[in-house]
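After this come two complexes, each holding chain A, first together with chain B and then together with chain C.
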Partner chain A sequence: MKKLERRNLPWIYLFLLPTILIFALFYCWPIIQVVGTSFTRWNGFSRPAFIGIDNYTRLFNMSSFMVALRNIALWSLIAMTFHVWFGVLVALVFFKQPPGWKIARAAFMVPMVISSAAWAMIYRFIFNNEFGILNNIIRIFNPDFNVNWFFQSPASFWAITFTWLFYAVIISLVVLADLMAIPSEIHEAARIDGAGGWQTLRMIDMPLCRFSIGTSIIMSITSRISMFEAIALTSRGGPGNTTMSLSIILVRGISDRNFGVANATAVVMFVMGIAVLLIINRLFRMNESVY
Partner chain B sequence: MKRLLALILATALCLSALSGCLTQDTVTTDADGAIVLTIPHYKVGANVGARFFLPQVERFNELYAGVYRVEVMEVPNDMYQDQMRQLAIQNQLPPLVEGVPDEIFLLEYLIPNNRFYDLNQWLDNEPELRALLLDANIEHNTFDGKLLSVTYPVVRPATLYYNETLFQPSKPIGEMSWDELLEELGDNTLAFMTSENAWTTMIALTSMIAVQPGGPELLFNHLPDDNKFVEFTNPIFVNAITQLQRVIQTAGHGNTVGAAYADAANAFFSNNAAMIFNGPWMIGDFNADAADRWSNGFDGANVRSNAMPGNVGLDNPLGYGWWIPANTPPEAAEGAWAFISFMMSANELELYMLAEGGTAPNLDESAEFLAARAENALLHQYMGSINSETIVVPYLWNSAPGSIADIEFGRLLPLLIDGTLTPEEFCQQLETSARETMR
Partner chain C sequence: MVEKKNPIIYILMYIVLAFVIVVSLFPLLWVIMSSFKTNAEILSSPFTLPTAINFQPYLHVLNTNNFAQFGINSFVIATTATFISLFIYSMGAYVIAKYNFPGKSIFFSLFVITMLVPGHTRTQPIFSIVMNLRLYDTRQGLILVYLSGGMAMCMFVLRAAFASIPKEMAEAATIDGAGFFRTFWQMHLPLARSGLATAGILMFLGNWNEYYFAALLTISPRNRTLPYALAFFNEAFAYDYTRMFAALTLAILPGIIIYIFSQEQVRMSVVSSGVKG
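So, the complex of A and B:
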């Protein structure tokens, strides 16, 4: 390290201090507290009492917890096999810049400016059995059609899925940015070598977008793990446990003042998120250079 | 100089990062020297209680101009108690709080830590006010000789409202059984709310419990916060759930499954459902000045009230009312008490009863009040439908654990309605959840 740089080191750290402070205070410390209190019985007012892994045992014995895990697994599968690829497909269409693509891109981005809570409420109206647009369209063809989408099993699972299935704006933008970053020489060379559209897509575009697709899958699955508003504002995890998720169990723990159980749920969510990150990193070889 | 400037900049950056941690003061002084009490509350905006509460705050501010002023901060209804819990943990409670969030808050925080002002210190000096309050409630609110809170000394049972243009009962509904009511309803439907805390459905369910032998005792015995009702497989509860399932399946309005309160109210306000279960605070919605909520030819003048089948009304005599947190500065606590005392004064009680119904057993009602009440036909009729024979019981949600009331019941209810769960299975699942909660 140069002498000048060494001399500036204290100042660099001093100006980094606010960021370090915020990170330590609002990220690291709460995470440490959450992990620590997940091994305690704590109602928020009394002193936390250490109870070992009781909260975790209790969680894994709860039927709603197991259903929540199954739901997250299913939603993750749907996210990986459809949601992400829908976003990629839209990015590929935009990449070809067909007529009107800019307007289409703007329209596709509209949901981004709507909060997820408002989005959930909109879907609550769309799926309403009595006056919802979906059932009223279906009733044109089948007048006897009656489904309470958010309150009937298994319809509610699919209704919840529908609230995010086509909401892949971020994925499209990330992949589109990667597609646009591919040097034009590579496409030209492929064309000269006689590669068709499908071959270019399969052999060039997809491999070169592997980072963004991998990142999209990580984002999509972690969003499924932490998904809350769409469920809490519509089916509330029901009917029964049909749309139960870990975030609903976590919030229920808080409202029951079982902070130990709530924090154990949070730790499980955290571990799942880290696991997804590691697995997708490995699968998509995200630590290897693309070019 | 450069070093000093850098140091100042770095310090400013650190401090600005923490500026979000500053809290808003809920007790201040305005330009006139009046002590301003800022209280978060849910009776604002579209909340049905706002119609009376906000003008009441204005009346108080006029009366105490230059001395005290109450300012109300809007909090959504279902967030209020949760916000009070959070503020309590931070020792930042506002100078006035209504109700207590839950039994743990009461028994493990509020009482053992003595985090409230003993209201006796003021009440002992106001014998007129003390005479108005209900003894049973005072006793319930007294812990180690200290008075925690004061509630309106008004009994106002929740019952039912029906639309006479759609349904004309052959006799008062209070004199019928649920079976007779179902028979008389014919093709008419009942407006139920089944999502969120399923409030209106819970009223019907409570009345079904109350008409059974041992039902009222079950509801009263589990009122204490350390003895909440968790035995949902109890035959009385199973019978009531069986009846509820039949009533909803037979006469529930088409939008019942997943209906929020607004959906249930809309069904009633649009001539689509003939009956709804709710408290007397709903009476204002049937006055002509609330006509903008009506549709499809609905007219509030055609609404009638009666006791629930079996002559049942719902009211919790042992609730918690307004209290003053211990973190309130003494001068602000004086102002907070002035507001409580104002709300409970005879004149305000009469205005309250005119707006939201009810009777104050210890109040000598004025002639003006009786005349004004007689002018509101529905209010008059509501009062007439409650008699000394009426079985007044607390709401089931007063006797059950909070998460059962707020989450579990509504989450399982659709499965009971569509027949996926039998009443026994429904009760078993509810009991499992309740026992899980109370561990």
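So, the complex of A and C:
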């Protein structure tokens, strides 16, 4: 079946054609267009006019853009230092399979299957000053507590952070799959050599899971770079620029018919994503095989 | 798995499990609970259970505000896009899994690498394509855009599904005189159905939940999808919190129901492709 059969070639390419068309129309051409027009002034109607790196210098002179970069840096730091490791911790607990772990695993997945728009709305209500549960819990201890989370700075930054901080189920599942793939002989050998639980974790489990942990860090930082719904449906980047993000700037560029600036923002997002991929790949030696 | 039963470790593990369950489910339970309370109850006692189960707010939401229309739009768009892309990508994945031809590995790498392109960076070109095809503010436009969504995930899942079908089965079909298309349609496609279900469920959830392009590419309520409708809740329900919570419950419930019936597939595909549903 796998040998080259010439008479099948027309059929093969015919089968491939629709996928190729979608790839060309929705990936290949868009990337060329985005990079190309990011060096132009363009409103979508007239011909794009080449202006060199003006869009980029304009972006880097915009205070909202600089705040967005700072927010992404901060959010990525929080993702790397807390979010991912919370997911790893849950994976380690799942790996021990204490009774009830399957219920927790099923529950943990639920926030992932509902739309991020609905999730943003739910959080908007949770953080509501009048009837939100968070403030009402705090008021049990401090009756005078009043914070309009999404409409006050810097509270809105932290409110947005909480919409994703604990929701690391994909990380837990990916790391759990790696933990289960560790041959049991390795754990045996470690125990015979007298390694304690903590040593096994630090010297065996974590290094052998570095591929999935690295992937998780890449995934969680890239989602910080393109975060949209959690902001657009709550604080809308505000108050002021407190919770500004690149995708909010990009969408504003589109609605202002400032396509050059919008696409320059897209290029910045793309370059940041690739940079994160390469750096984490290097740091976690992900191109070397684990075993 | 636990060799030494250290009680402190056990307590810590249960704290983690309990925390996971609470952060994942409590927000949803609170929303559902609040949808059965009156406005006054929501404001005065946010923790108490509802005093009576009343579906009136749900009926009101469904009968006014075009809510049913948004639900139908979401369903039609998500289902159509899912079936068309399943068909297209299963043809692509099938020839990549089962045949040798020039350019095979290049095509596969290109299709899979699309995973690395953040969706938002393609905003303007997609906006312009839909505008130029005169599909702005139509359901067809959204369907077209959603076709491109699950490309990498489908290629992973479906190629593996087709590759696992033993070649003897296909050869038997060829001997019987079945042509290329019939071998695919009548032999391989039915045998790959678990892979198709996995890819289909994940893609349906993704399309059903999609907000960004729905907000960008539609404007009239006639073509609005459920996730985008959420953005208009504050205007639509003007501080009628009961109805707002009821509408939110209606918007999140279908996804949860699908998940309950297909937990295994959702989990498998998430692990194999690492994408959010």
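We adopt the following convention: the second predicted complex is superposed on the first by the 270 of 291 C-alpha atoms of A that agree within 3 Å, B and C clash if a C-alpha of one lies under 4 Å from a C-alpha of the other, contacts with A are read in each partner's own complex, and residues count from 1 in each chain.
The rule is short, and it goes like this: a contact is a pair of C-beta atoms (placed from the backbone, for glycine too) under 8 Å apart; a residue touches a chain by one contact, two chains touch by 3 or more.
Everything numeric in this text was worked out from a predicted model, so none of it was measured.
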item	value
Simultaneous placement of chain C and chain B on chain A, clash or fit	clash
Touched partner set for A:E130, first chain B, second chain C, both or neither	both
Of chain B and chain C, the chain that contacts the larger number of chain A residues	C
First, second, both or neither for A:M109, with chain B first and chain C second	second
Chain B versus chain C as contact partner of A:S76, first or second or both or neither	neither
Touched partner set for A:P239, first chain B, second chain C, both or neither	first
Which superposed partner A:F150 touches (first chain B, second chain C, both, neither)	first
Touched partner set for A:G44, first chain B, second chain C, both or neither	both
Which of chain B and chain C A:F15 touches, first, second, both or neither	both
Chain C-contacting residues of chain A that also contact chain B	11, 15, 18, 22, 44, 130
Chain B - residues contacting chain A, complex	6-7, 9-10, 13-14, 16-18, 82, 85, 89, 102, 104-105, 108-109, 194-195, 254-255, 257-258, 401-403, 406-407, 410-415, 418, 420-421, 429, 436-437, 439
In the complex, chain A residues that touch chain C	1-5, 8-9, 11-13, 15-16, 18-20, 22-23, 25-27, 29-31, 33-34, 37, 44, 89-90, 93, 95-98, 100-101, 103-118, 120-123, 125-126, 130-133, 136, 166-167, 169-170, 173-174, 177, 191, 197, 215, 219, 222-223, 225-226, 228-229, 232-233, 247, 250-251, 253-254, 259, 262-263, 266-267, 269-270, 273-274, 277
For the chain C and chain A complex, residues of the former touching the latter	1-4, 9-10, 13-14, 16-17, 19-21, 23-25, 27-28, 30-31, 34, 42-43, 46-47, 88-89, 91-92, 94-96, 98-101, 107, 110-111, 114, 116-129, 131, 145, 147-148, 151, 167, 170-171, 180-181, 184, 205, 208-212, 215-216, 226-228, 230-231, 233, 241, 244-245, 248, 251-252, 255-256, 258-259, 263, 266-267, 270-271, 274, 276-277
Touch list for chain A against partner chain B, complex	11, 14-15, 17-18, 21-22, 43-46, 58, 62, 128-130, 148, 150-153, 236-240, 252, 255-258
